[in-house]
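Okay, got some structures for you below.
Okay, so subunit A shows up in both of these, paired with subunit B first and subunit C after.
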Partner chain A sequence: MIFALLIWIVAARPAFAQAQLKMDNLDRLASAAAEVVNVTIDEQLLQLASKFLSATRSADERDIKELVRDLKGVYVKRFEFDRDNGYTQSDIDPLLKQLHAPAWARIVGVTSTRELKNIEVFMMTEGSLIKGIAVVAAQPRELTVVNVVGPIDIDKLSRLQGQFGIPQLDLGSKPK
Partner chain B sequence: MNLERLLREAMARKTPPPDLVDRVVARIERHDIPQVRLSFWRANQRLLRVAAAVLIVASIGFGVLRDRDARRERQQGELAARQLMTALQIASETLNDAQRLVQQRQ
Partner chain C sequence: MTPQEDPVVGRRALKIIAALSAVLGFVAIVGVATVIAGDSSYGRVVSRLRSEYRATEQPMYGAGLLGELAVAVLRPAGVSKAKFTLLKDLNVRQDRSDDFSRIILSAVESKWRPLVVRSAPARGEWTYVYAQPDGKHIRLLVVNRDHADAVVVEVRVDPDRLSAFVDNPQILGVRLESTARTAR
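Let's turn to the complex of A and B:
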């Protein structure tokens, strides 16, 4: 009976793990980048971080706390280069290969020749459940990869911009 | 009863019986002396003092360790919260950028 219950619990739990991208190959870009933001927050750390966000202290913190409540992980890598072509297509290809798997669907793909920007937004769903999103934004001097694992409200996430009353943090910046 | 006589008799010097010393020595050798029983606390006073000292030191040590762990967890949590806010800010910026570019094309 207990064994059957355990099997049911394991089977019923949504498999969010596959929504997590392997981004290790991008780490080698850090040595050529002028600025690096590398944030890796798994479920355990998310829960810990959530404890330190106060729903009563500010509206921003309340929104973030609510947004990340069911998330399994947040992974962000941003590289800023002093000159063009700090990275090559071969650096992004392993990432795009993962995102071109059937589990992922590209919901936005936009290229601006004027701003020299290419942004692609991918989403992994199972029925009505969002299992994760991935964003790849490429510019000649900047590469940003965002991977949010778990059910996320994209509208709420995009509304967060500009609401943060916090200074830009120098997290994981390359030592000079 | 004459009090003076009684006092004099009571305080009069008496010679101990000649075998008194032998009898006392014999009783000592036979261990025929009533044992004075000390309570557990008095009997183990030294041990108890050491145990109490050990307990106090251990309590202080445990408290210090717990405080250090709590402080470390708070630091980790605050750092994770700031990192999370930065990550979500970047995610939000990028999504809005994509939305803006899409709207420009329409």
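Let's turn to the complex of A and C:
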């Protein structure tokens, strides 16, 4: 039993690691950006940070605490520019190339021609297990990439907006 | 005969004063030693900002050390260690946009993990939040710069106790919630 558990742990770790995107190439945008926000929360820090949340204080906190319990990491990069087109398609192509791999599936795509906003949500699954989620929100003066690694309840994903450095991405209103 | 004239009472008072002095001395030595022997990243950040920007330290007149000692003894809100330095008048005239980041990145040891990094050089704003697990505690190193002022803070927090403090805010048995409500 213990042997099987060890094998599962060893096998599970790299599986979730696949869901972690390589976002280093985006760092070159920092020099042109007016504001850069970088959030890196790995599993250990996430578990420590989740202790700040109380299961009894409010229903929202309880849900978020449950949500982050099994997560392996939360990574956010956000660039804000003073002028339009502060970044080019070639800047985000390496990222999109990773997300267009067969392991990832695009589950939501929102394009607003009025606000020139383009939001795409990708999900990596293995069977019924969600291994990771990526959100790419692109606007002429703003680029946000969110990568949540680990098993996650897709219905509760929107609750992570505004938590752990994840900005409000209009992925659906928070349930009351 | 007054207590001052009683030699037994006088000797007892002297003993109490001597014992109190010894305890205070010990606490002060331990406090100073903790600050000196503490994580070098905090000291290196402060030192580099002082030297590279010729920044002056905001005088605390001992309040900083007393605050650190009070935190070490009282552990309010699960914070068992806290130290901070306020730096002002950073000489930013020759500053390039990436200088501040370069200084912080080179001064902070790799065992500190960058948790949140926010930079807006055009607005003269930088915030670095580093973290490292320390047993059941979490240690946070925060460096914030707003134009020519900077603050460097290091705290060690027990997340469980902080969470309990949020639910039931009290220090040394004194509830803070009712005070806060009265103040509102």
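Operating definition for what follows: the second predicted complex is superposed on the first by the 141 of 176 C-alpha atoms of A that agree within 3 Å, B and C clash if a C-alpha of one lies under 4 Å from a C-alpha of the other, contacts with A are read in each partner's own complex, and residues count from 1 in each chain.
Quick note on the criterion: a contact is a pair of C-beta atoms (placed from the backbone, for glycine too) under 8 Å apart; a residue touches a chain by one contact, two chains touch by 3 or more.
Remember, predicted model here, so these are calculated numbers, not experimental data.
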Task: Most subunit A residues touched (candidates subunit B, subunit C) - done: B
TODO: Using the superposition on chain A described above, determine whether A:82 touches subunit B (first), subunit C (second), both, or neither.
DONE: second
Open item on the list: Just checking: does A:103 make contact with subunit B only, subunit C only, both, or neither of them? Give me first, second, both or neither.
Closed with: neither
- [ ] Please work out whether A:34 is in contact with subunit B alone, subunit C alone, both, or neither, and reply first, second, both or neither.
- [x] second
Task: Touching partner for A:51 - first (subunit B), second (subunit C), both, neither - done: both
Task: Which superposed partner A:115 touches (first subunit B, second subunit C, both, neither) - done: first
- [ ] Would you sort A:144 into first (subunit B), second (subunit C), both or neither based on which partner it touches?
- [x] first
TODO: Find the residues of subunit A that appear in the contact set with subunit B and again in the contact set with subunit C.
DONE: 37, 39, 41, 45, 48-49, 51-53
Task: Contact set on subunit C toward subunit A in their complex - done: 97-98, 113-120, 122-123, 131, 133, 138, 159-160, 162-163, 166-167
Task: Touch list for subunit B against partner subunit A, complex - done: 73-74, 76-78, 80-99, 101-102, 104-105
TODO: Under the touch definition given earlier, write down the residues of subunit A that touch subunit B in their complex.
DONE: 37, 39, 41, 45-46, 48-53, 60, 64, 67-68, 74-76, 78, 108, 110, 112, 115, 117, 119, 121, 135, 137, 144, 146, 148, 154, 157-161, 164, 166, 168-169, 171
Task: Residues of subunit A that touch subunit C when the two form their complex - done: 30-31, 34-42, 44-45, 48-49, 51-54, 56-57, 82, 165
